[in-house]
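One chain, chain A, links the two complexes that follow: it is found with chain B in the first and with chain C in the second.
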Partner chain A sequence: MTPKVTVNIDGANIKTARGSSVLDAALEHGTCIPHLCRVPYIESIGACRLCIVEHVVNGWSKVTTSCTLLVQEGMVILSNTEKIRKLRRNVAELLVSQAPNSRAIQDIAVRCGVKEVRYPFRNSECVLCGRCVQLCPGTFGVKAIGFVGRGKDRRVESPFDIRSELCNECGSCTDLCPMTVVPCDGPMKTGEEYLCRNCESKMAFAEEQGICISCDFGEGFQCERSPQNF
Partner chain B sequence: MPPPTLDSILEERRSQPHQLIEVLQDVQEHYGYIAEESMRTISNELGVPLMEVYKVASFYKAFALKPRGKNVITICTGTACHVRGAKLILNQAVGQLGVKPSEVSDDGLFTIEHVNCLGACALGPVVTDNGNYHNHMSPGKLRKLIKSIYKTDAEEISHD
Partner chain C sequence: MTKINTVKDLKALRKRLLKERKKIRATLVLCGGTGCQASRCQDVTDAVKNELAKQGLKRSVCVRTTGCHGFCEQGPLMVIEPGNIFYCHILPDDAHEIVTKTILDGEVVERLLYTDPVSGKLIQTESEIPFYRAQDRYLLAQNRQVDPCSIEDYIAIGGYSAFTKALFEIPPESVVREIKDSGLRGRGGGGFPTGRKWAECQKAPGDEKYVICNADEGDPGAYMDRCLLEGNPHLVLEGMMIGAWAIGAQQGYVYVRNEYPLAVKHARMAVDQARKIGLLSDKILGSSFSFDIDIARGGGSFVCGESTALMASLEGKVGEPRPKDVHTVVDGLWHKPTTLNNVETWANVPSIILNGSSWFASKGSKGSKGTKILALTGHIKNTGLVEVAMDTTINTVVFDIGGGGSNGNSIKAVQTGGPSGGCLPADKFDLPVDFDVLAKAGSMVGSGGMVVMDQETCMVDVAKYFLTFLQDESCGKCVPCRMGIDRMLEIITDITEGNGTSWQIGLLEELGSTVSQTALCGLGKTAANPVLSTLRYFRDEYEAHIHAKKCPAGVCQALVTYKVDAEKCTCCGICKRGCPHGAIVGKKKQVHAINLDLCQKCGICKSECDFEAIQVK
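After this line comes the complex of A and B, so read on.
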């Protein structure tokens, strides 16, 4: 049996397996922390920054991504404070301005309480969440795609921008891409982007930001709380 | 002296994935750039996935994926140099040589590159030509520098 540790997430003491991440522990015990780049059973890379939490040590709190934070005995985590909600809302706003045509990202933004987008819409096809890169099985575990370049030129590409011979055409990358998960019915045209807020009506308590709802979104993202998994 | 072959660069480094950056640096130094073919060989010989080699080579500004000119002029456009007018210097270089940044001039003599910091912020704006640092650059000083490089090249050719 795996050794257990006790962590305190939002005031609840939960026992979870040593070596799991705070995000996994929280999801397992029913605290939904919004997340985008996490792929279950694969080590997280902390790319999307949506799953930020406050980690309280000796009365000081440190904001960090819960997917890359491993559980430790006696850890105190706050996932739904005013500070975190504000930061997370900003992260979600930036994501939705980068890729307004992704239904998945629109959903997340509304769930995180984004009311308006103050940044210019960039209509990018990619938010660099790295889900495809993390999952790509390639051949013999050798990835066929990866991050290339740096800074604002960072992008997902196969070597030399030609399809790698290591690609099995398994389609896992497109299956997991937030641009394709539950695609939006009518992609928003350039110059006509907006925050769709359709899914807001599905939220039980719109004023309670960050609260988990059993949304369609969870289906594609293997959210533990999606209707299928209940 | 002919540049060492890829084989000799890889000597005693085969199957050691952690040597990747050292090997790439040596290839960059001796060939001036890292060709696709070299990357494939390095990937095979070190046992590093090609994706990793390409990722590392494309990440660092120190590695060029396309051939560079004989003289590489690096212009710092970091914060300190930027506020002291790095843009004017970049424009001067681009105008005088007639090439865009990170392209090779028609005569194959020059490549202009801009980097984010050369680590000599107090001396800004900083320009390097083939690794020689020049401090407190101005468009005028750069014009003279480029002229002097042309001159040295012309002398070298006449000596040959």
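After this line comes the complex of A and C, so read on.
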């Protein structure tokens, strides 16, 4: 049996296996910390920055991603403070303004309390969460796709933009992609994007953002806590 | 080059070199830094060497091409020892006069001396020049004493004696304690206490450890690391050897950007020489310590200056940062404990070991010890590399050393710390160059870039420039940095084009603070600094762009119009001939006017006009 450590997340003492991440521990315990780029059972890269939490050390709190932070005995974590909710909302707003045409991203925006989008919508086909790349070359070691370019030119592509012979057509990349399921009201045309907010009323505690209990929002991209996985 | 096997050998070699040097009648020290190379110092060196050969002085007069002397504005530079006579703006044709007059007759060639722009007096020696006088040059002063391609030069001035002292007289724990006591902080940007870093790495479990020298300097306008690595590579290597001995590393890497070809060449040469002479080998000088250094070239990515991205690049992976929840001193290069320091930090180490921590701690302020090299650029009279104690005020740097604004313009702000730093207005110039003080003021010492800006600079445009730079250089891995910078740039572009709205200022502030709190690496965490600091000190300029639709400095093209001042116009017609768009109308002896429909706001007319008759409003 793996040794257990006790961590304190939002006031609750949680016993969890040594070596697991704070996000895993929180999800296991039933505290949902919004996340996007994390794929279960794969080492996290901390790219989407949605799962940020406050890690309190000696009275000082440090904002860090819970998916990359490994549990340690006696650790104190705050996942739902005013500060974190605001930061998370701003990050989610950036995401949804970039890719409004995804149910998963729209769900995350609602869950993080985004009420309005203050940037012009862009309707990208990819939010560069890196879930596909983490799995295909990252875990399977099949270099059929990967990141190309940097900064605003970053994109996911097959080598030399040609469909690779290495691809086994396993379909894992599309399974993990948050862009595969369109919003409930159907696809949005360029220039007509909006923040959907349909399911805001379904939130467990509508007034308290960032909390979702048995929600069915995350189906689009196999959210850890979507009903299928429950 | 004979191999040295013991400390005794090294001392004997130093003695022999010094004895040989006593025979030399004079030394011509020529700056061969990149700045002076751009002003064709190589031709001057060749001419001087030819002249010496012609006059039969080849053996008794030594010509030493060294690294940067700092005063790049006045290049090519030459210092003649003994006497420390300082010549500037030398041309190849001057070689004959220098050799016959100064070397043979002991006279000074007055027309090559530096003229003090304030008093108009000729100045003969380097130490009297105001640019050098207000500085506290320790690291940079060594540049002048050594030929970077010669390990003998370095050994002759006492080089590698700090390393041998550490290796045979000071145990690793005491080396770390000495560095801790000195108060040395990382010179690359963050200002992390070096001693603490070393102590953690020393304690970290594992036999295999690494030291890395970060020479991936990429800030626009900054070149202090380049100058040190080009000018005195052995000093950096010696620092790394002491660090490796302290933490117990067997291998070191110098990660230098490929855009610095001279630095790459000199660093490689230095490593080869140190290997040949026996200072980088198995069981160095008969001790139990083995260490080697390799040179790795960067592939042109700014973000690879970030420690984890640099390590990924060294490992042969894509140069992207990774989360640092476990520090690199425990889990670094190839998951082994790694100490990574900046070039300047390593270069400070030998002198601390040699002179003691209290000597180092005697300079600087309470929280920031020692000296810092700054790259002084921008709208200033004396651009160049400057080394000052860390309690020197910005006023001293900008006005006493830098000589104030070029063209007599008044200075509006200074941008410190490169793209990650911030802009400080002139009324904050009484602040010292201190890590904590500048951070509190919304800027940072950073790697030491200092860009001075005069009244003709638009601060919104400056923020836009740095955001464009960061947008290109962001790796794009994390959302806040990739999308946040992109959106901030979008908003600022709106503002500079006259499409800004007042609520966008609040949005910029909120977004900036989100990016700085949530981004993955140091680049992202500091990316909003140019925006946040200009918003803090120059909010009125943002507001003028948004409400009055005017650019006060007359920089943002969409918000300015060009006009001819009828009173000043002498009807010479130069502007009309210069205008590539045919937008200027007016006949001879008739005041000219600009057709705004055709005007492309290129500014050529303004630069052509000798009477300041073209106004930008």
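Note that in this section the second predicted complex is superposed on the first by the 209 of 230 C-alpha atoms of A that agree within 3 Å, B and C clash if a C-alpha of one lies under 4 Å from a C-alpha of the other, contacts with A are read in each partner's own complex, and residues count from 1 in each chain.
In this section, a contact is a pair of C-beta atoms (placed from the backbone, for glycine too) under 8 Å apart; a residue touches a chain by one contact, two chains touch by 3 or more.
Keep in mind that this is a model prediction, so the values were computed, not measured.
A.B. asks: Mind working out whether A:46 is in touch with chain B, chain C, both or neither, as first, second, both or neither?
C.D. replies: second
A.B. asks: Among the partners chain B and chain C, which is in contact with a greater number of residues of chain A?
C.D. replies: Higher number of touched chain A residues: C.
A.B. asks: Is A:126 touching the first partner chain B, the second partner chain C, both, or neither of them?
C.D. replies: After superposition on chain A, A:126 lies in contact with neither partner.
A.B. asks: Determine, under the contact definition given at the top, whether A:70 touches first (chain B), second (chain C), both, or neither.
C.D. replies: A:70 sits against chain C, while chain B stays out of touch.
A.B. asks: For A:150, select first, second, both or neither according to whether it touches chain B, chain C, the two together, or no partner.
C.D. replies: Touch partners of A:150: chain B and chain C.
A.B. asks: Once chain A of both complexes is superposed, is A:56 in touch with chain B (first), chain C (second), both, or neither?
C.D. replies: Neither partner.
A.B. asks: For A:91, select first, second, both or neither according to whether it touches chain B, chain C, the two together, or no partner.
C.D. replies: second
A.B. asks: Just checking: does A:118 make contact with chain B only, chain C only, both, or neither of them? Give me first, second, both or neither.
C.D. replies: A:118 sits against chain C, while chain B stays out of touch.
A.B. asks: Output the chain A positions appearing in both contact lists, the one against chain B and the one against chain C.
C.D. replies: Correct list for chain A: 147, 149-150.
A.B. asks: What does chain C use to touch chain A in their complex?
C.D. replies: On the chain C side, the touching residues are 301, 303, 318, 322-323, 325-326, 471-480, 482-484, 486-487, 490, 507, 510-511, 514, 517-520.
A.B. asks: If we count contacts the way the header does, which residues on chain A are in touch with chain B in the complex?
C.D. replies: For chain A paired with chain B, touching residues are 138, 142-150, 158-160, 164, 166.
A.B. asks: Give every residue of chain B touching chain A within the complex, in rising order.
C.D. replies: Touch list, chain B to chain A: 36, 39, 49-55, 58-60.
A.B. asks: Could you please specify the touching residues of chain A with respect to chain C in the complex?
C.D. replies: 45-50, 52, 63-65, 68-70, 86-87, 90-91, 94-95, 97-98, 118-120, 127-128, 130, 147, 149-154
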